[in-house]
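Following are the structures in question.
Next come two complexes built around chain A: one with chain B, the other with chain C.
== the complex of A and B ==
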């Protein structure tokens, strides 16, 4: 009896931390098959490569928490990098002012999304799908389809280290910790969860949901621009296909990390784990020289496994919720929310 | 018009007006030119070469940009057919959609030519295509010759690596085949010269290439022979090699034998600077000439369904021949006129 309870408890813990468990399992498997996988150099590399996806995933987490979506992050990355890159080439703008320009452009891009969603009442999917096309169109028109080769100082910036830590990782950590602080310690963080859980109830409680939703698209735009600039500093060239389709990586990373597409559930640590997991899998496949035709399938399989465990966790949470159904006066019934499974908590 | 476009247009004019021997002026003809987004300088230069030359000959050109959407391109071609154009030139998104579009044009008795990106079924339409296998083999052959000297002196096995393009792209597959043909040939002639090649997926995306190449080099720090299936990835390769002290010119013991394919301006500059050893060149001018001549001849002859495959064998621009052959490579012409400084 006691042992079965322990087993059940262990299973629950594993299920509630399935992404993390899978992360550790995958890490160990790849490491055993190729000892260099465990080296600090390799770990640094794949975290660095995950940084830009992770940063947009953090921005995406804010949007998803309000039950929205931002499909335009890839175009935002492209457009903000194009404009800052053009200014670097044409008037010799230095790296930091160029970064500021990119961030302003990205945030304005986010403001367009926010305005469309909040004031024009266009569904987030359609609004950001439109800006996805418009953003890339503007960038293509500005460059006339040509690539922008970034100046030498951008390469130096991209290769910079602080205390031995590569610049992209530092930026990633700053973004994650700031986002974590905002979501867990500031009123706006609680308001974001409240709006995502139940917008009507949040408004009745006095929350200005328009302001909350507007701000998450600004944050997403800001994060996309930062990620774009970091990526540009790594590849030292911005071309027409720059950051194309990255919105799907960001959404996948956030969802893998436990963020719900229906809003109100998830956190930025999950997005961090999800982004690094995706990159680690890709690195592991490369390390093991897995056939190029098989690589996408293996990647998809691991994502599928994570989502499968997530659905098991959901099913269990649902079961717990049912235990709390009790009859009220008359014919009415009320479904009380069960204690949320720990990894789903808004931590 | 943007300064760079004026420049490329000028380049296209000069090169093509001297290179293309039109049989007669083509005034009064209407040609539909459908293309996908012009992602690289190769496509920009190719697009301008075709449109400017046709217009110079008095041909009315209807241009359609499908923005990487094959369905949209099919619709655009249907629109052209409805307008009763005399001929169609397309740069398709992929080999499958090209087959459908060629069928559609031929079913309506309009001659059609496919430029550079071939349909999976090459039996229909005028198909002008670079021989990716041949161009790659020529570039990798030069790299292998250099590596052979090193191997014979040091006795150390050479570790080759190839950055492979998107696997649904027939150009990428041809380049991969060309690379392996040479490596296998050398391994048969000189057993043990090359280790098993490392393949790195790029999906024609610099960020993917960067992540995978960094992983591959971390796993195999001894890589000393890199071939990229497209020259546009040289800056990405540099980002990975430079911090490891391996981005050094020929003559330095840490030099990595390096080659690519396309023949763009960056490749030209890097060959000259000594960082890159060779690049396989698609002869853009020849391909444009073959496309236009074949289509216009078919129109003149009243052929509505011309079917032929016209091959551009390509050539290799190498560290050994750059001083003699640089004017044949479109990227060097761009580079010489300051393209990379604009």
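== the complex of A and C ==
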């Protein structure tokens, strides 16, 4: 009896920290199989590559917290980078104004999603699936599906360092800490959790849930555009397949980090860990010269596993949510009985 | 004393069925109004009208003498009405403090941001929790605290908005004795502060002990509102029952056999039902009566395998039956006519024929490829529907949505009939359908019993149970509290059991 309880507890702890456990295990395995894996240079490298996945994962976390989903982030990255890229090429726009343009485009893209979800009441999955196709369609039409080569200034920006830390990592850290701050310290942050937990109850509590849901898609759009711009500064060109399928990595990173697809559970630190983990696996597979064609499968397998853990956690949470109609038997006190009032009719 | 809330001839109907009719009540400052009535008497609808959850068809309300017309719950909340619902509205993923302040966090300016003032939230929550007598840290998340504690958090939340009217709808169902006493003390305290309270409860002695005046509702109408001195438990129940029993029920044409079909032994699910012992014989209609939240539906879901249970066993047709998933139950010969046919029982947009054939499809698949024999399925569906006298057009074209409530219910029953079940669990099978259709459903039930099936008939309408059942089992708070054979049917005695007032009377 006693040992089974200990086992149960250990299992619960592992379940609730499955990603961290996985992170450590994967890190050690790759490190042992390839000594070069542990070098600072390599670690910096995969964290840097994780940066843009991480940034979209942060935006995705906001959406997932409301029990929504944003499938359009890859297309958003593409479209905002295409527009800022075209402006850099045609009228010689500088890097920072171009970044601003990209962010505005991305946020407007998010606003379209938000409008469809909140006011047209299209389910988030379908609404953002539609904008995924439309976004890439517009981008392809604008470029006539040709590749845009970005100017030299963009490359300089992409390789910039601050105190020896690469620019993408700095941007990533700023985004994560801002998001953490918003979610924990601002009223809207806590209201996002409330809406994700129970939208009806949120309405009854007087929360404007439409405003809350609208804002998460804006945030996701903003983050996608920022991530797109950083990715563009690394590869210095925007072609037709730019950022294609990135929504998958972002969702996976968030879920890996413990964000529930059912809403209301998770935080951005988890998304950070998840994004780095995904990138680490990819780098590790390359180091170990795993067949290039097998790599996506291994990644998918890891993601599937964590989503499975998520559903286990959810099943556990479901137990806590069931509606009680009588006190739990664990309570020592007696079930309430009515006080006996002398009844005139029977005297 | 000043009147806080007054309703003037409020009426509300759902789909043409009146739920509240011309109800005028008033609550004064410093008073507790007890509101009692049977299930479906319109108590909750009346409170939902006041709380802005639903809108009145006609009639007006005034709050502190001003016209009051809430458009939504938030309006009522801002007007100073705290509505503590029977089902809790807390966010399980947030802390106690966050739940209390979620809509209006105290903030402090820091540069461009208005930050949550954490220390203010913490301190005020501590003060509120002290008022309701909860010694819990404010940052504890809701999923870590007990149902009773959650209820008290709801009340702390109501205190925080400084409401002038508190509505408490069945607040004690999940409370322990001590928590209930604490709640009552708090209610008295609020009353002394000049707040108005409306208290709805099925525990009539509590209402007598607490209330200053009592309003009795029946069939959507206010029967009377009088000072508490004019009431005792007996009078309250008489006023609630009052309905004439001239409803038509078919004669029962068969007798139950002595063969036990379903034997439930000591089934317990913590926090839901406890030590349920229940038998249904072949050819027997057993009524399961209980007030809202007594655990009737929860028990039905457990017996059908939708929800699990911790201990006890279920024996069906002499075989121990591990109810785990509904599919197993169906295979073992259990049918479940759900309370909510719109959401659970039927696929509204597909044809009548497909709805009926759904459960029994495997029967019509004979070839190795398991292809459905459409003609066989169609003819047997049509036969069943004819037997039930379904009124419809082409059953292969007409969607279920276009049928009346009574005919929809027949489709649900037909769906199960095809798989020839031994045991029917029927949860409110006649809810929301007209008298004539009810009679037809009753007739079908009688025929089913006549052919040897057992029926567990769950209903909030005592009259129909008394009209149709061989036995009535009464539940309260997840326990079986009484059992009545047909010869001993007595509406008052059954209601007394359901209200748990047996102790007070004997």
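Operating definition for what follows: the second predicted complex is superposed on the first by the 290 of 347 C-alpha atoms of A that agree within 3 Å, B and C clash if a C-alpha of one lies under 4 Å from a C-alpha of the other, contacts with A are read in each partner's own complex, and residues count from 1 in each chain.
Quick note on the criterion: contacts are C-beta pairs under 8 Å (C-beta built on N, C-alpha and C of every residue); 3 or more make two chains touch, one makes a residue touch a chain.
Values in this document were obtained by computation on a predicted structure and should not be read as measured data.
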Chain B versus chain C as contact partner of A:12, first or second or both or neither: neither
Which of chain B and chain C A:231 touches, first, second, both or neither: first
Partner chain in contact with A:205 - chain B first, chain C second, else both or neither: second
Touched partner set for A:264, first chain B, second chain C, both or neither: second
Touching partner for A:191 - first (chain B), second (chain C), both, neither: second
Sites on chain A touched by chain B in the complex: 34, 36-37, 39, 41-42, 45-46, 49, 52, 140, 144-147, 149, 155, 158-159, 231, 234-237, 239-244, 246, 279, 282-283, 286-287, 289, 292-293, 295
Residues of chain A that touch chain C when the two form their complex: 185-187, 190-191, 193-194, 196-198, 200-207, 264-265, 317, 320-331, 333-341, 343-346
Complex contact set, residues of chain B against chain A: 2, 4-5, 37-41, 43-44, 164, 167, 198-201, 204-207, 210-212, 214-216, 218-219, 232, 235-236, 238-239, 242-243, 266, 340
In the complex, chain C residues that touch chain A: 53, 72-74, 77-78, 83, 85, 87, 89-94, 98, 102-105, 107, 113-116, 118, 143, 146-148, 172-180, 203-206, 208-209, 232-235, 268, 270-274, 293-295, 298, 307, 477-479, 500-501, 503-505
